[in-house]
Amino acid sequence: MLNFSDLLPYTDVFLGGLLTTIELTVLTTFLGVMVGTLCASIRQYGNKASRRVVTAYVELIRNTPFIVQLFFIFFGLPSIGFLLTPWQASIIALTINLGAYSTEIIRAGLSNIPKGQWEAAKVLGMNFRQTLMRVVFTPAFEKIYPALTSQCIIVMLGSAVLSQISVQDLTYAANLVQSRNFRAFESYVVTALMYLGLAMLMRYVFSLIGKRVFAYREVR
Amino acid sequence: MSLVKLDQVHKYYGDFHVLKGIDLNIKAGEVVSIIGRSGSGKSTLLRCINGLEEYQQGGISVDDKEVTSEDIQVRRLALSVGMIFQNFNLFPHLTVGENIMLAPTIVLKKSKSDAGTIAKAMLEKVGLGDKFDSYPEKLSGGQQQRVAIARALAMNPKVLLCDEITSALDPELVGDVLKVLEQLAAEGMTLVLVTHEMNFARDVGNRVVFMHQGKVWEQGDSKTLLSEPKTEELKQFIGAVL
Amino acid sequence: MIDFSNWDIVRNLLFATQWTVLLSLAAFVCGSSVALCLSAIRLTRNPVMVRFVKVYIELFQGTPLLMQMFLCFFGLSMMGYEISAWGAAILSLTLFTSAFLVEIWRGCIDTLPKGQWEASRVLGMNFLQTLRFIILPQAMRVAFAPTVGFSVQVVKGTALASVIGFVELTKAGTMLNNATFEPFKVFIFVALIYFALCYPLSLFSQFLEKKYHVAR
């Protein structure tokens, strides 16, 4: 009944989709965490008005589905003059989405830094920027690193929706293959497992990066 | 006739040999203090006696029944062995009264009113008759520990195990808890306590057991042992704590 | 071509919102029931069962909800099990919800000190009694806020049912978009309705969190 060998002729399609998903993930994980770091810093240390703006952004994104955000960006923005390719729309949507979630996570890390750290840096003559970059960020990120990892994985899995605006990612490949060989179950199972593998790979890569970045823990 | 009997008990945590052949007999009505450095295996010993930890060799019996850490055994054991912890372990979501009544109602199947009567009596006994409806977090550490004692007593145990039950308390609250123990001892309750309160061990206890590196290093009548220690290790230990 | 006023758009969207709400409720109720069973299984500490729950969590947290929906819908019907879009959506959302809730609740149960289990044990309570009288009442208090918080993810997750053709809020949005050619407006309305559903839940969850922290 099940026949996975029917998938073999489509290996290239799957690999192409996988590659697209990986590319998108790497790019938007990086961009999203940058946005998150910036917004978290504003939310934690900024003035009232800028804090409000960031809060509105975060709450708006966190309380609406990703697919609606994507449709708004891909279908909605062109209608008022911003023409976007599916690829561009995807990058923007994923970055905005991860940015909002990581803002919330990173801010929790920042607020966890004891006041004494700031005071110690101040009496050593460091300015705000120096303190933030050199003293605060590393332990703040270390604290929330597992949560951030999970969120990046969730966003990667959410990227499956991009197939709906015909980005040729892994899910798109699965749909394509099953429409050609009518092996829906096999095609989706294999794709699901590829996503699972990707999720595990991300966890692994994140932990490798974490081990390097937070290496001061190991040094005795 | 011993109430608690340990016969060549060995216990390992993985490769780590924690208890190295413990022999101990405790008679009904005895008050035994277990002393020794941190890490010498005192807590582990108590936890083996009530089945919270399993042991690998030897035998333990309480009231002539063998102790194992199987769930059913521990529950049957709970009818004869009470335990009080260093950090109280009261149930924070229940009032003092409910804390005490819970096990008698669901384990001993007593009626609510019987359990309530017992709970009130036990609270009176530990000097907290007016705290029946308070929540544990509203009580001081010393009061919480006395509630824990009342909770254990409500199960009408034959022997009460106490693991450093005054160690987490502010110094001025220690006395109240010790007073309760002293009263229990006077009533003939069998007590096995791990303690650093040397005065209490000497004046209230009948016997002192000194543990060192997982063994019973020296034991004897409390007054004699503490005033005339035989081994070098006990001398050092007494020197360090006094 | 029919002219759609703003009110026509909103009215149609609100009508479809009923299905979003219903789907969310069904998924949440089914998901938490399954999660409850899985939590109990995990607590038995039976190694095989614990392993099973672990794999379950890994599987349904580690794959896209959309893929789970495709599998439930196209996959199952290809295998000869006829299933409606509604059924497939509920099934996949239940799997998704339960996998996350078990994990969330595990965190809540594990924050309880080990002493609570030990004290119950030495007082002679059995596993179920300990669970019922000691662990659950305390864990539920801790779990309330994050569970409400997660319900937001469930509501948002229902949007994916649009992809398998179930007409809920998002699907209604795409259909209206095709009829009106006003994507900007339509999707803003859609987003606002989702926001109106989710934001109160988020606020409630934050409120519970604060309340709980103060209470401790």
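General observations
A, B and C label the chains in the order they appear, each numbered from 1.
Operating definition for what follows: contacts are C-beta pairs under 8 Å (C-beta built on N, C-alpha and C of every residue); 3 or more make two chains touch, one makes a residue touch a chain.
Keep in mind that this is a model prediction, so the values were computed, not measured.
Viewed as a contact network, the protein chains form an open path, each link joining two chains that touch. Distances between chain centres, each the mean of the C-alpha atoms, put B farthest from chain A. The most central chain, judged by C-alpha centres against the centre of all protein C-alpha atoms, is C.
One simple way to say how far apart two chains are is to compare their mean CA positions; for chain A and chain C this gives 21 Å. Taking the mean of the C-alpha atoms as each chain's centre, chain A and chain B sit 53 Å apart.
Averaging C-alpha coordinates per chain places the centre of chain B 46 Å away from that of chain C. With touch defined as above, chain A holds no residue shared between interfaces to two or more other chains.
Every residue of chain C that touches chain A in the complex is listed here, in rising order: 58-59, 61-68, 70-71, 74-79, 152, 156-157, 159-160, 162-163, 170, 173-174, 177, 181-184, 186-188, 190-191, 194-195, 198-199, 202.
Residues of chain A touching chain C in their complex: 1, 59-60, 62-69, 71-72, 75-80, 153, 157-161, 163-164, 171, 174-175, 178, 182-185, 188-189, 191-193, 195-196, 199-200. Put simply, chain C touches chain B in their complex at residues 113, 115-116, 118-119, 121-127, 129, 133-134, 137-138, 141.
Looking at the complex, you find that chain B touches chain C at residues 50, 52, 71, 74-76, 78-79, 81-83, 85, 87, 89-93, 102-103, 106-108, 151-152, 155.
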